[in-house]
Amino acid sequence: MPPIQPGQDPVALFEAHRAEIRRQKLWINLLLLGGFVAMLLWSIDVSRFWPDRLAAGVPRIFEYFGSVLPSFQWDLLFETRNAEGRFPPGSIGFWYNDFWKYLALIWETILMAITATLIATALSVVLSFLAARNLTPAPWVSTAARRFLEFCRGVPEILFALIFVFAVGIGPLAGILAITIHATGALGKLFAEVNENASMKPVDGLTAVGGTWAQRMRYGVLPQVLPNFTSYALWRFEINVRASAVVGFVGAGGIGAELNHVISFYSDDRVTAVLLLVVLTVTAIDLMSERARHALIGKEALK
Amino acid sequence: MTALSFADITDDDVRAVRQSHPQAFGDPVMRMVRIASWTIVIGYLLYSFHLFEFAKIFDSSERAWRLVSRIFYWQDMASWHYDQIYVGIAQTVAMAFLGTFLGTIFALGIGFLAAKNTMPFGVIRHAVRRLLDVFRGIDGVVWGLVFVRAVGLGPLAGVLAIWISDVGNLSKLYSEAIENIDRKQVEGVRATGADPARIIRYGYLPQIFPVFLSLSLYSFESSTRSATILGLVGAGGVGMIIIERFRAGMFDQVAFVVLNILIVIAVIDWGSGLIRKRFIGERGH
Amino acid sequence: MLEFRKLTKEFNAKRAVSEVTLDIPPGQMVGIIGRSGAGKSTLLRMINRLNDATSGQLLHDGRDVTALKGRELRQWRNECAMVFQQFNLVGRLNVLTNVMSGRLFHHGFGTSMLGLFSAHERAFAVRALDRLGMAHVALQQTDTLSGGQQQRVAIARALVQEPKILLADEPIASLDPLNAKIVMDALRAINVEDGLTVVCNLHTLDTARHYCDRIIGMQDGRVVFDGTAAQLTDRMAREIYGAEAAEAFNEALTSTSLGRASIRDVADATRAQARATV
């Protein structure tokens, strides 16, 4: 704001200045809006999100969801197996004919997630100490560790799963390895940020004692960051459960393969049967882990 | 008691200290708990290594080597059909953008339905929240496949998949942001005698807008990542190219495509950082 | 014998410590005084190599400390324990573990990562705490203690290192007068009873005069005074402190001091205090 000259009306000056700022802001905002609209139109065109396709597609969505919903007959709902050992159509038993098979696969999915989370946590603890700029034994180690973590979390799990299915064959091992690598990248970055916020005073203290680098990390830093690490690991576990339910799409174990098979080949109530089980599992694990996290750190400390 | 050296500590000293400060030697119960929990964790890991046949890793060296060498050794780069690759990437970004945009619009309404302070009817709130749980509980790829079954192969299924995931995620985050609103600011505006429209404009919006914008920008970035893999199930975008060339063993091209996607995502990250800075200020969210 | 030979430290072309040449014989209690930024802290931290010298040498019993590396460096650090202004303990660990961490140099990778300390080490750590009257809080989480208590825990950690030299970097600057006295009494007692060399940065003149055999005055990275308390005239001291003279003279925390106490008195006093509060 220019200094007020004698004889000038300060109110008028203020108004003029304000108007100028508003004009500038308006132009930039209009420009951004223009860019936004252009981007929107472009993406509508590129993804072929055209009205005629929508008009044809949307009814089919409702049709499809109508066909995959279970059709219950209320009088048969809790009917058990009949003489031929089958559930009558319209009962819950018919809907969940393959319940035990699904349950076994969900169990495998959860175990995959637990194993991957444990290994990823262990790896990322070590990597995070190397990557944290304030703790790293040498600057180039930090840079190398950071690039490595970026790579790990940059590539989606399912791509890693594709690669590992090729390398170690179809089965849960490929999925575990894929999730482990991706989760290591994500957790390693978060852990490194926690490390960078840790107080260096205890570390100095342990240097003065004559401790090795590992000892300084173990005694000087780990006690400070452990609650945060645990909370992040639990949070990652929730994500890993979702991931391990999906890696089966490319043959990497868990419920995913069944999910893929059911959705691709049937359009009946089996689709909702599997999906519902997956949703229930994921939600239940979310709830439990959220409880644990809140118990670990006050509710506020977590974003 | 004067100067003392470690070498002078005898078993008798240990016994004496054990007597006077028994806790200093560790609580035996806690020690058992600690040992037990480590045993469980390590035992579980060993069991799962066995269950999931981790030994297969060591049998795979030949295939893994072939894969890795192809990833790093790029050949015949002239015949890679770059046009397909870049059209695929553009389609992926477009799908993500459109899906996030539609998701944001829906979440704007649903977020208010799921927030405690704006939706007084518990029944509706809980129903909305459970629906959102379903949207979020099913991964984007699964939604992709579902929509491919419903509307056929192509990017439309991808947009719908991103849209539904984003509605689930954003609505929940929006509703949390609405619940975390600072009531004092609203009361301050109300105290000036403002009408409801102005209360929303000056009391709520300045608090909510930056958070919403920031969440949607972040969502765009993460949707671009998920849009990449939607093609694996035929829901459009560059993923279709990835899976096609992967199946054909052209790992070098897959690596090239992934590298390009990572760059695009980095650019989006940078761009959304700029926008965030402009509308929200340095502190971000 | 600790010999400084033209020891110099530069930070971005600015000299923090400039060609310091000194001899410190074993068993001496040395106080380094000077205003803030005079280079006291840097000098002290160069002794245990928390800061590396830019040029010059530091010899201990003929061994070149400035050239030590790896395990030998850690061994040297283990031999010259340090006490910090902010205590630099691990707040989330209990007191005993903090003290036992003074033995980490003697541990291999495995036992230290698993946190396995022997019964002898535990007994030794308790004895060291007891010497400072702190054994009753051995299992308390360290950051629940007061500053004075934490500093005594830090001294106990230094003691279990069984050092030859004890460095104290402004050990009482964050403490109230009573705790400052307890800590200084403890340092002096260790010096007398264990025969340790104690090198101590002090901001206040009276403390240095009261406790130290020898006072070194620093100004702009140089040693400008080196002698006994009696040799340090008021005029000299005013010159060393410059603009901060008033502060340094007024913070006469030990002006009401009751004379030097033995470490046992310190321990007894705090034990009595602890009993009274229980």
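Letters are used for the chains, namely A, B and C, taken in the order the chains are written, and counting of residues starts over at 1 for each.
As a convention for this text, a residue touches a chain if its C-beta (ideal position, glycine included) is under 8 Å from a C-beta of that chain, and two chains touch if they have at least 3 such contacts.
Keep in mind that this is a model prediction, so the values were computed, not measured.
**Student:** Sort the chain contact graph into one of these: line, ring, star, complete or other.
**Tutor:** Shape = complete; every chain linked to every other.
**Student:** More C-beta contacts across B-C or across A-B?
**Tutor:** It is A-B, judged by the count of C-beta pairs in contact.
**Student:** So what's the Cα centroid distance for chain B and chain C, whole Å?
**Tutor:** A distance of 49 Å separates the two centres.
**Student:** Using the average of all C-alpha atoms in each chain as its centre, how far is it in Å between chain A and chain B?
**Tutor:** Going by mean C-alpha positions, chain A sits 3 Å from chain B.
**Student:** Note the residues in chain B that touch 2 or more other chains, in rising order.
**Tutor:** Residues: none.
**Student:** Spell out the residues on chain A that touch chain B in their complex, using ranges where they run on.
**Tutor:** 28, 32, 39-40, 42-49, 53-54, 57, 60-61, 63-65, 111-112, 114-115, 118-119, 154-156, 158-159, 162-163, 166-169, 171-173, 176-177, 242-243, 245-246, 249-250, 253, 259-260, 263-264, 267, 271, 275, 278-280, 282-283
**Student:** Going by the contact rule set out above, which residues of chain B touch chain C in the complex?
**Tutor:** 1-6, 9, 13-14, 16-18, 20-21, 23-25
**Student:** What part of chain A is in contact with chain C in the complex they form?
**Tutor:** Residues 201-202, 204-212, 214-215, 218-220, 223-224, 226.
**Student:** Can you tell me which positions in chain C touch chain A when the two form their complex?
**Tutor:** Touching chain A from chain C are residues 48, 50, 74-79, 81-82, 84, 86-93, 97, 101-102, 104-105, 107, 109, 112-113, 115, 154, 157, 161, 167.
**Student:** In the complex of these two chains, what residues of chain B are touching chain A?
**Tutor:** 41, 44-45, 48, 51-54, 56-57, 59-60, 63-64, 67, 90-91, 93-95, 97-98, 101, 133-134, 137-139, 141-142, 145-147, 149-152, 154-156, 158-160, 225-226, 228-229, 232-233, 236, 242-243, 246, 258, 262, 265, 275, 278
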